[in-house]
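First up is the structure itself, then whatever we jot down about it.
Order of writing sets the labels: A, B and C. Residues in every chain begin at 1.
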Amino acid sequence: MAHQTEIQLPKFNRGIHLITHLIESELKKMQIGENGILHLFVKHTSAGITLNENADPSVRTDLNTFLNTIAPENQHIYTHTDEGADDMPAHIKTALIGNSVTLPITCGKLNLGTWQGIYFCEFRNHAQARRLILTLLT
Amino acid sequence: MAHQTEIQLPKFNRGIHLITHLIESELKKMQIGENGILHLFVKHTSAGITLNENADPSVRTDLNTFLNTIAPENQHIYTHTDEGADDMPAHIKTALIGNSVTLPITCGKLNLGTWQGIYFCEFRNHAQARRLILTLLT
Amino acid sequence: MAHQTEIQLPKFNRGIHLITHLIESELKKMQIGENGILHLFVKHTSAGITLNENADPSVRTDLNTFLNTIAPENQHIYTHTDEGADDMPAHIKTALIGNSVTLPITCGKLNLGTWQGIYFCEFRNHAQARRLILTLLT
């Protein structure tokens, strides 16, 4: 059985943000107590979603710094420059990080490792609130 | 319910190609009007699949250039060189981009963001036509 | 229908390891002969999972070397340094490679390409045995 909902995330600044609590709250509303998977899909091309350490915020800072270093702005190799210097790097980072994750659900709850949290990655300087589709399959 | 089909893609040149229309056409044949997810799986180790901007083709050009820059050919660090200079970089790009995507399906249709398209990424210079498995779960 | 199991992998050294046979063995125990998808989820933030060439082990060596080159240790940009020089690079590699894969299942068996194998990527120097959740949806 598929249970699907589309939500609007809060408006986030450029950077990497923990959203595990938001997803847990949506999952609770679905009231499904079974095993399965939860698919989280970002409907945008310059924002990503991934999993990483939920404890020390310096991991989020450093991952963001790394991505800015590997896909810097204002490089002569970019030809897609009309939408701002942060746009093409944002598309590249989205391709590297990915725009969806699939998570195991056990008895209706996220079954993540102790140190795993869900990272929403906003790669644009001034983005609108982003949309996310949750699909639960049991 | 799982609905599965395996298709052969057209033979693509090295580079990044929009295949959203091909996937929509296969999905239509499945004639399933429900919610769920569609899993697209490339059965190869030197071609990838991802989502990104469907409008300006310069995004595809620049993503390809970026990947060629980050994983260049003829580097002294490569030991896997028997299958051509483009082979090991192609394996690396596949690992970075990924060889499958999972997409939300709403009422039997792809539910992508306005600017999202499906990118098939051919990383070899002279590849055969590639095979893709579509699995729809509702 | 969802069938789920959690397993402990063998303790692996830092590097990239083929685990296709381990997954096939777990899948056999599930005794499901239908079509669907298998989701493999690593419950850790410094180990990844991906698919790539199952034949020449030099592909695994070179992918590992590439990741060590792109995310080297002891860089001044890292602020998350308390858990060892290999820790922040391990988080970055996990974000680039991903910590889960979804695979097509046909008649109860993995339907991979001829040259595809499942790579478990251990990014820490001295990690404990890692945990993996398998969820089969048919």
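One rule holds for everything that comes next: a residue touches a chain if its C-beta (ideal position, glycine included) is under 8 Å from a C-beta of that chain, and two chains touch if they have at least 3 such contacts.
In this text the structure is predicted, and so the values were computed from the model without any measurement.
Interface of chain B with chain C: the two copies contact each other largely through different residue positions, with under half of all numbers used appearing on both sides. Chain A maps onto chain B through a rotation of 120 degrees [Cα fit, steps of 5, range 0 to 180]. Between chain B and chain C the centroid-to-centroid distance comes to 20 Å (mean Cα coordinates, whole Å).
Looking at chain B, one finds that residues 70, 96, 98, 102, 137 touch two or more other chains. Contact residues of chain C toward chain A in the complex are 2-4, 6, 39, 41-45, 70-71, 77-80, 82, 88, 91-92, 94-96, 98-100, 102, 131, 133, 135, 137.
Those residues of chain C whose C-beta lies close enough to touch chain B in the complex are 34-37, 50-53, 56, 58-59, 61-63, 65-66, 69-70, 96-98, 101-104, 106, 111-113, 115-116, 119, 137-138.
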